[in-house]
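Take a look at the structures below.
Next, two complexes with subunit A in common: one pairs it with subunit B, the other with subunit C.
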Partner chain A sequence: MKQQRDSIPELVWNGNISVEIHQKENSLTYLANLPRHSYFAQILEDLKRLFAPKVALEECWLSSGKASIKWHWPVGVLYDLLSQEDPESATSVPVLWHLVFHVGSFPSSLVVPMGSMETFRTCFFNALKESDYVRNGSSSLVIALSKPETDTYWNSLLNHDFYDYRPIATKLFTSKSRIIPLKIYLGADAPIVQSSASLGYTLGQVLHKQLPRLFPSAVMYSLLKPVLHGIVLPSTVSTDIMNRDFCYPDGFLHIVLIPIST
Partner chain B sequence: MASSINAVEDQLSKTLESLQTEEKSSSLQEKIDEIISSYNEKENRKVNLRFKAIGRTPLLRKNVFAINASHRFDKVIRFLKKELGFKPDSSLLLYVNYCFAPAPDEIIGNLYDNFSVDGYLLIYYCVNVAFG
Partner chain C sequence: MNFRQHLLQLIPTLENRGISCELVELFEPILRLQWQIKPYNDEKNSLVEEESEMIYVSPDLSVEAWIRFSPSYQVPQFFFQLYFDGCVPFTKLEDIEALILPENRGLASEALAIGDCPASNGISWYVHPCCTQKFFYTAEISKQDASYLPIWILYIHQLLSPITMPMIEALDGNPS
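So, the complex of A and B:
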């Protein structure tokens, strides 16, 4: 029974990252374990309440090193992208991710301000519709969700409830469609290649086809390797398994490429 | 979509070849950086947008425009508000293919490559929320 319960999608869902957030010249510190599937949008209001209760949410933002944090990207994607950590390297140990909370001097060329949770909700469901469009040529599956289903899905994200999340995610992502939506992040300051792939291929074949110079072989990684949910995916993993077990809640497969350490 | 990626790759292969001949000792990281920077250059292409009004939203005099593929989607929002004579902080909603509103920081080239129809990225616009 234990084996069955600890299914891969549930293990992936339960992946989390320890964060430590502080503000310059403020002795308070915010510590949390954030699920990789969650968003910084979900804690921004709490952070504002703690650090700067009087300012507007729109003026608040986070940074990690030199990078500003996009509240509408999944935490796991941001961590894999900004840390560029190699999950296979022997030196990698559990880390505490340090972030800084800012008010004002908003980096509007890099981040979109978050007005309220409603801004985030609209943004999240539009991303879900976008991935649905790639799969089905329309956003009909997301639009066809009933009001209770939509609310359950949204709340499963806010409450981190796998058993509420999974049935709806399965319904949305494993439909009759044979196409899966991909976002491939070439590096922290590099472009994102948004694309799609068909079921029935291996990841190596997909990367070789999309980016043949970065992936000269469909079998072996030579320059970069793909990281998803903090896992280096083997080139032999099939797009069917990736779609079934590794989608983020917005329906996309967000694949971060990191250099192979030599 | 595949064709545009192939075009990118062609350019990358040239870059990579020249790298290999000139600097045999260049590290992997330099090689990767070089390939990635040529991606940025490739995005200097222009792509076509076609606008359609939903409901009682004002019409444009001209509804086809070409825009640099490397811009973020919020550039389109600002541009359309200006064309319609709206204030920058007024409400205007844009939907790709009548389906979804892209995040303001999505790259236009990516939207075009994935969602264009007959050479145009179709953008429906309205003042009020058209659908949930």
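So, the complex of A and C:
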């Protein structure tokens, strides 16, 4: 399938966050531009090799301020949620997200220990099957992927390859279904609101229906506004466009709600 | 009968058995449960040494559980976390399996996963809803049936016995 260069999906795919990771009392620093749709699980081995090569991977974890980083949530979702940065009032200063690498005192009530990349792969494909189930009433599309397709999809995530990723994502996310799976994030200390929306509506209508106390109007945001891939989405954007262009690789639309600046 | 009503119907039955119940309604009804049990152990390490003054008794296992209706899979979903000391939860599947009857461990290992807890920002173990769906296909229970949740709890107990024994005792009408 020929992809148009600089299409919205490709621009979204190429969105990234600059991170600086250090360990206390260690002079080494890890610097990288991480794709917003990627996961910290993908760099945990590299961080361990740099900071604590003799330690088991499952003892390693990251923090941002007081928050423990959930390696099974996309990087972009974590940044939007934990920074609470308002994209509409962003300054021209580039973002550099500071994180700390830890060994020991693992926050086991908040973070799943990552024994290996297989743990991450299982987690990712469980989420993908779940999003397929929400869309289609069964996980059959994901299960029906051939082994080469499954491996290509997984490797496209690991290798940040849009042209391998997009055809399979399109096959999975734009079937005949008219339902799209949502995860809505209200704050770092709050549970995820897991829901779904129908195609043919606007984002404002969806939020007003799902969270009427937080979105009393389907047209105007008054208390909170939705951030997806670091962009405040207008209330008029259609769920069709969101499904086509803004899904994360696990098939969900991950929407972070931030307070409206007064 | 909606799911919230099913949960409300269950609460007095569970509380009679000494299970702490709290209906949390943030954006969906979730029933939070807590109880303690003596853990199962293959080696029966709860023993008294008559020759010695040393006595070892296995500590109680604290169970925290949540029941919600999966918005994705449209079936009841059971989340749980286990603690020996009230603070550090179990994070390894093999540690959970060691507390389950040997004949159920195979089923449990296929059905259990760990992920985001629906009632907090933490993580917990859960019985995968795909497996629950297979159960309901064969059980042919209507969501309107008053025994919808009790029968589902029997299924959960098949996987997690004896951790969930207090729930079964509650349904059998055995007080604590």
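Assume the second predicted complex is superposed on the first by the 254 of 262 C-alpha atoms of A that agree within 3 Å, B and C clash if a C-alpha of one lies under 4 Å from a C-alpha of the other, contacts with A are read in each partner's own complex, and residues count from 1 in each chain.
Heads up, the rule we're going with is that contacts are C-beta pairs under 8 Å (C-beta built on N, C-alpha and C of every residue); 3 or more make two chains touch, one makes a residue touch a chain.
This structure is a prediction, so every number in the text was calculated from the model and none was measured.
A.B. asks: Return fit or clash for subunit B versus subunit C, each positioned on subunit A through the superposition.
C.D. replies: Superposition result for subunit B and subunit C: clash.
A.B. asks: Is A:196 touching anything from subunit B or subunit C once the two structures are fitted on A? First, second, both or neither.
C.D. replies: Both subunit B and subunit C are touched by A:196.
A.B. asks: State whether subunit B or subunit C is in contact with more residues of subunit A in the superposed arrangement.
C.D. replies: Counting contacted residues of subunit A, the larger count belongs to B.
A.B. asks: Looking at A:212 after the superposition, I want to know if it touches subunit B, subunit C, both of them or none. Which is it: first, second, both, neither?
C.D. replies: first
A.B. asks: Once chain A of both complexes is superposed, is A:223 in touch with subunit B (first), subunit C (second), both, or neither?
C.D. replies: The first partner, subunit B, only.
A.B. asks: Per the contact definition in the header, classify A:143: touching subunit B only (first), subunit C only (second), both, or neither.
C.D. replies: In the superposition, A:143 touches subunit B alone.
A.B. asks: Looking at A:123 after the superposition, I want to know if it touches subunit B, subunit C, both of them or none. Which is it: first, second, both, neither?
C.D. replies: both
A.B. asks: Once the shared chain is lined up, is A:259 touching subunit B (first), subunit C (second), both, or neither of them?
C.D. replies: It touches subunit B, and subunit C stays clear.
A.B. asks: Between subunit B (first) and subunit C (second), which does A:15 come into contact with in this model arrangement: first, second, both, or neither?
C.D. replies: A:15 contacts neither subunit B nor subunit C.
A.B. asks: Return first, second, both or neither, reflecting whether A:188 touches subunit B, subunit C, both chains, or no partner chain.
C.D. replies: A:188 sits against subunit C, while subunit B stays out of touch.
A.B. asks: Both subunit B and subunit C contact which residues of subunit A?
C.D. replies: 70, 72, 110-112, 122-123, 126, 129-130, 133-134, 139, 181, 190-196, 210-211
A.B. asks: Mind pulling up the subunit C residues that touch subunit A in the complex?
C.D. replies: Those in contact with subunit A are residues 26-27, 71-73, 81, 88-89, 91-92, 113-123, 128, 130.
A.B. asks: Which stretch or stretches of subunit A touch subunit C in the complex?
C.D. replies: Touching subunit C from subunit A are residues 70, 72, 108-113, 122-123, 126, 129-131, 133-134, 139, 181, 188-196, 210-211.
A.B. asks: Along subunit B, where are the residues that touch subunit A in the complex?
C.D. replies: Residue list for subunit B touching subunit A: 1, 5, 9, 12-13, 16, 27-29, 31-32, 35-36, 39-40, 43, 74, 96-97, 99-105, 107, 110-111, 113-115, 131-132.
A.B. asks: Write out the stretch or stretches of subunit A touching subunit B in their complex.
C.D. replies: Against subunit B, the touching part of subunit A is residues 70, 72, 110-112, 122-123, 126-127, 129-130, 132-134, 138-139, 143, 181, 186-187, 190-196, 210-214, 223-224, 259-260, 262.
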